[in-house]
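Pasting the structures in now, so scroll down.
Heads up, the next two complexes both have subunit A, just with different partners, subunit B and then subunit C.
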Partner chain A sequence: MSRNKTIDARGVYYKQLNETIHAAVAEGYHHLVLQGALGQRYIGVGLGPEVRITINGVPGNDLAAFMDGATIIVNDNVQDGICNTMNRGKVVVRGDAGDIISYGMRGGRLYIAGDVGYRTGIHMKSFRDQKPVVVIGGTAQDYLGEYMAGGMLVVLNLQDSPRPAGDFLGTGMHGGKIYLRGRVPPHQLGREVGTAELGDQDWEELRAVLDDFFAETRLEDPGLARDQFTLLYPKSLRPYGNLYAY
Partner chain B sequence: MAPRLVQPEFSVQRDGERCIACGVCVRQCANQVHSYHPEYEEVRAAAERCVGCHRCAWLCPTGALSIIHTPPTYRHGGHWSSEAISNVYKQADSGGVLLGAMGNSQPVPVYWDHLLLNASQVTNPSIDPLREPMELKTFLGRKPDQVELEMSGPEPSLATTLAPQLELSMPIMFSAMSYGAISYPACKSLAMAARELGTLANSGEGGLHPDFWDFGPSMIVQVASGRFGVTPDYLGAAAAVEIKIGQGAKPGIGGHLPGEKVDDSVSRTRMIPVGSDALSPAPHHDIYSIEDLRQLIYSLKEAVRYRKPISVKIAAVHNVAAIASGIVRAGADIVAIDGYKGGTGAAPAMIRDNVGIPIEFALAAVDDRLRSEGIRNLASVVACGGFRCSADVVKALALGADAVYIGTAALIALGCHMCQQCFTGKCNWGIATQDPYLTRRLNPEIGAQRLYNLLSGWAHEIKEMMGGMGINAVESLRGNRHHLRAWGLSDRELKILGISAVGE
Partner chain C sequence: MRGHRKHLPTSKDISGCAISGIMNEAGERFSGDMIIGSIATMHDRSNGLGGGFAAYGIYPDYKDHYAIHIMYDELADRQSTERLIARYCLLYEDESIPNRPSPVIRMRPFLHRYFVQVRPELLRRHSDLTEDDVIVDMVMEINTKIKGSFVFSSGKNMGVFKGVGYPEDIGEFYRLDEYQGYLWTSHGRFPTNTSGWWGGAHPFSILDWSVVHNGEISSYGINKRYLDNFGYDCSLFTDTEVIAYLFDLLVRKHHLPFEAACMAMAPPFWSQIEHLEPRRAELARTMRTVYAGALLNGPFSVLVGYSGGMVGFNDRTKLRPMVAARQGDMLLVASEETAIREVCPQVDRIWHAVGGVPIIGQLKDPAKVLGQPEAARLARMTRSLAPGAAAA
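What follows is the complex of A and B.
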């Protein structure tokens, strides 16, 4: 049985708000609705499965950090550092996001309807059945996928910007895949990154994610086609393997 | 290919009359120094491969082997040491970065040896720890500005809410050493010993193997830029969480565990695929300021629901005092400072030997700065980086440390012979390797017992030294620089250390 609870976040300090959330989860509420969130940090930090939080308003930094299975829907923009080291779960943002999102994310999904800032997906890594997936409806700025070690980053550029992603794309990448709608000039790419057309398996994998993305963000699929995308991949899984003297 | 220009550093001397060609040395040496030659019915040595770990000599049943250090016989002067010459040869051969392991091995000043401790004579008599209580118990964590008592009940009770504290039986912990850098039995030895001793071991940044989660209450777990194995359960399992910003052996340089060392077990612990490089660059790319650090500290506090102290570990660098002040103000409960002589499984030798400052000065500067700003109580200070013996520990406490981390000394207790080749993964003592043929040479029960013995001995020595000063609790020793005097240091060095010269 799903039990709902609405929490008024207006004017509540983050520590108290997060204690209220933990208390509600402990009481057995499965679906929490936060009204009037205004920059409160650390919402959903470490939260386990079977909890769903709907946020109206703009939550603060480190939303869903270390999260372990919960679902968070944000009907607005979010700030920096969301899904930091997230282990499992799902976060859907129906607006834009700030910098350093999905840092070290190891599992679960993050969908951003709009644009994201700098340094998205740094150190993302996958492990066994855990494969982090981040889909960005708009564009991304510099250092997308830096040191990426696993998982999947998707940039859809639905507004057809001439610059879907920034510079230093995938610098130090040594695992995972980036699917980017559009083309990126070579000078924007990190040295460790190769580009390719999507294979059958790539497109199948991407298509399944896109269906879920459009359903969750309530955006309309403009009829995305395989040949619109570029696959970015790490040229080597050991980019720094021959660095040392004997 | 032309033979290498580097001359061997060791000579392997085999007494032909004693050697029975049993082959123990052949099997024991992962560097393949020894080989049996049936045509001559004898074992011969390729000395150029010898790293001087003495495993073969220790295990030779007839005592036939001696390993002699034979520094290269290049004609060199004071400026061009044989090591400097060998290093140029190595890099001209390979074009690579010179690697080093363990701590700096250059003959640089050891400031501990310039400090002398006090003892009581006649007045304020010394205390005999064998007969009188002597308290080494140490609490790490944020201390309140003042303590208020509730006196209305039948018994007084504490009205002030205390921040979470770590309770240690002695002011010594095992410093961060990752599974991957060191072996499973080495990790297990440290965890078992920490539990038995009532102190803490530190997982390092490489995650916590599932088998070691039971040791959680005796462990500090680390969070570094690579976030290896960091899950809510990992944070929840430990006694405290440490954010690793830097390491004394390689300030400004990150970690890089080569894929060869990431076997199935290390992969499970770090939560990365088998065989992939584990990269954790020095910068946390989500931390560009003290405010960003504060965000991660409080994110971790939220993750552990404010029940555990959060530590921040940095390397001792030039402006360490200001950095430590920022860290305390960012909300850290513990600041760990790793000095210039701190150890490592692998670091570029140039960085290890040339970057950072000695822990003695860093510690004194940090303690002074925090005191002068009136925030010394907000965080405990843990010193690390090359502690060799209990006297070093006592001097560090008197300079202002709340506790110390020991790493190299603990590995030596496990059998390490300081050959400083950890990065090769061929540790014949089963410590810095993941090769199952080598790791099973280290028995965790025996290892834990040896660590227990070491720290039991140190604890008793610390009590004796404290007793000699007329001090009966480690609390009274902390920051008590009146009990230190220095010899052979300049006025400026004395001023920074905040101590007087001998005879003053």
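What follows is the complex of A and C.
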């Protein structure tokens, strides 16, 4: 039976707040609620699967960095670099996110209800059964999936913006998949990216992720269908293999 | 121990920092507490080696005078500097810049301010010489010729307050809670390539322009040589100085609207231009061709203040963060959302900046806020900002 604890984060310096969180977890409090978070960095760093944190307020950069299995729910916006090199676990954000989210992420799931900034999923990677999944309810700005090496990025554009993603989409991508709801003109794509319709297996894999996304974010599924999506894939697994070969 | 001394670096400065700006577009003035509260939330973006503020509307009793803020290494530097000032200006008042002793501000230069007007006889020598030109000449002469003196603020009804320390401590030190302004910008510095010295903190300012800047201008050499053609002497070797002079050149002298000036400095890539709508594509091509030397490369987010407002913009690939919000007449721009939400918990709208696209705040009625003569000077300075002129 896990125990609950509410932590008042108002005005608490990030170092002290994180020490308080880790001390509470060590004492056996596994359901934590942070009230009034505002800008504290590194919340959730390294925490394991037994922990669940609900955050009220805007947490600081590198939320859930190196996280190892915990679940974090944020009832507001988040800033830059969340899920940086995250290993396992789940982060659900009810608002928008900043730049370089899921940077180098190597496992677990990140669901953003709103829009995201630049360079989402930069250098995401997968290894054996480790497969990071990022779902964005709104739109993404430029360089989505830059240097992406593995895992799955999904952009739903639930508000039907004319521009679901920005320019230089998938620049340097050499692994993983991007599912984008809508069509992207070729000039918005990085040169390493190809587009395709979804196969049966793609749709099956995406549908399962979408069901979980809508359940966790409590957003309504507007009846998403397979033919609304475009699959973006890397044309080469080693696009720069010959760059330094003489 | 020479941390309080003037120390012009010998190579350009690279830094990763925090910026914040808050403006009331109706010209309502508010105390410096708000900007200190905002920048303090980003404490860990700086490392205590530089903090500063620019404040507009703080000297209403002297709004027709230039407020010259100077750092002196030694009291002896004052005499030669004041003789030089007297050659250019008539002095109305001078005093030490008020401060409160702080345990964390251990070393500092002597800080003095002068309220002056340009000698009328200097203006009669050349028909096209403006007061602003004379002030720029004077500032350049003091900063390059007098070893222990550094002018860090030279605008009207505005002032820069900066030094070595965390920005919230610098704000306390200068008693900014006792000033009222309609526009405040601030900076927390994290110098990585040069030592921190008082004059090297941001904002960097010339006339009413003030610049706070996070990032690095890797095109510094090209921009410096380009500005050299127009008589700007980049003596401080900071990339921030380059941005201030480019705004002065593009907006005050070449009368570009801010949108166009920002496009000159952070234009779309050629590959993007061909997919813009035709008129915008033509504008972008023209700006890139005419102002190739003004193109800023490298990662940066910048906040420029001037008496009429503030402009925030990013490098075109947005390698540094910038968030903006509006609440009634307030415009808030910062490196992190929390720096906005700390001082303005409820906002009408909050959004992330787009690379190369400026976020612009402007006084709605400059004449009411600045008075008729200064509003006219602002209009001359930013001549093309008439409604519609900015649409491109």
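Keep in mind that, in the parts below, the second predicted complex is superposed on the first by the 242 of 246 C-alpha atoms of A that agree within 3 Å, B and C clash if a C-alpha of one lies under 4 Å from a C-alpha of the other, contacts with A are read in each partner's own complex, and residues count from 1 in each chain.
We adopt the following convention: contacts are C-beta pairs under 8 Å (C-beta built on N, C-alpha and C of every residue); 3 or more make two chains touch, one makes a residue touch a chain.
For clarity, every value in this text was computed on a predicted model and none was experimentally measured.
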Touched partner set for A:His187, first subunit B, second subunit C, both or neither: second
Touched partner set for A:Tyr143, first subunit B, second subunit C, both or neither: both
Which superposed partner A:Arg41 touches (first subunit B, second subunit C, both, neither): both
Which superposed partner A:Asn61 touches (first subunit B, second subunit C, both, neither): both
Touched partner set for A:Asp167, first subunit B, second subunit C, both or neither: second
Touching partner for A:Gly98 - first (subunit B), second (subunit C), both, neither: second
First, second, both or neither for A:Val135, with subunit B first and subunit C second: neither
Partner chain in contact with A:Tyr240 - subunit B first, subunit C second, else both or neither: first
Partner chain(s) touched by A:Ile112 [first = subunit B, second = subunit C, both, neither]: neither
Subunit B versus subunit C, judged by how many residues of subunit A each one touches: B
Doubly contacted subunit A residues - partners subunit C and subunit B: 41, 61, 143
Of subunit C, residues touching subunit A in the complex: 41-42, 44, 271-272, 274-275, 317-318, 321, 323, 336-339, 341-342, 350, 352, 354-355
List of subunit B residues in touch with subunit A within their complex: 90-91, 93-99, 223, 225-227, 230-233, 235, 256, 258-259, 267, 271-273, 275-277, 279, 281, 285-286, 295, 298-299, 302-303, 305, 423
Subunit A residues within the subunit C interface of the complex: 14, 38-39, 41, 58, 60-61, 77, 79-80, 96, 98-99, 115, 117-118, 141-143, 167-168, 185, 187
Sites on subunit A touched by subunit B in the complex: 18, 22, 41-42, 45-46, 48, 61-62, 65-68, 81, 84-85, 87, 100, 103-104, 106, 119, 122-123, 125-127, 130, 143, 146-147, 149-150, 172, 174-175, 237-246
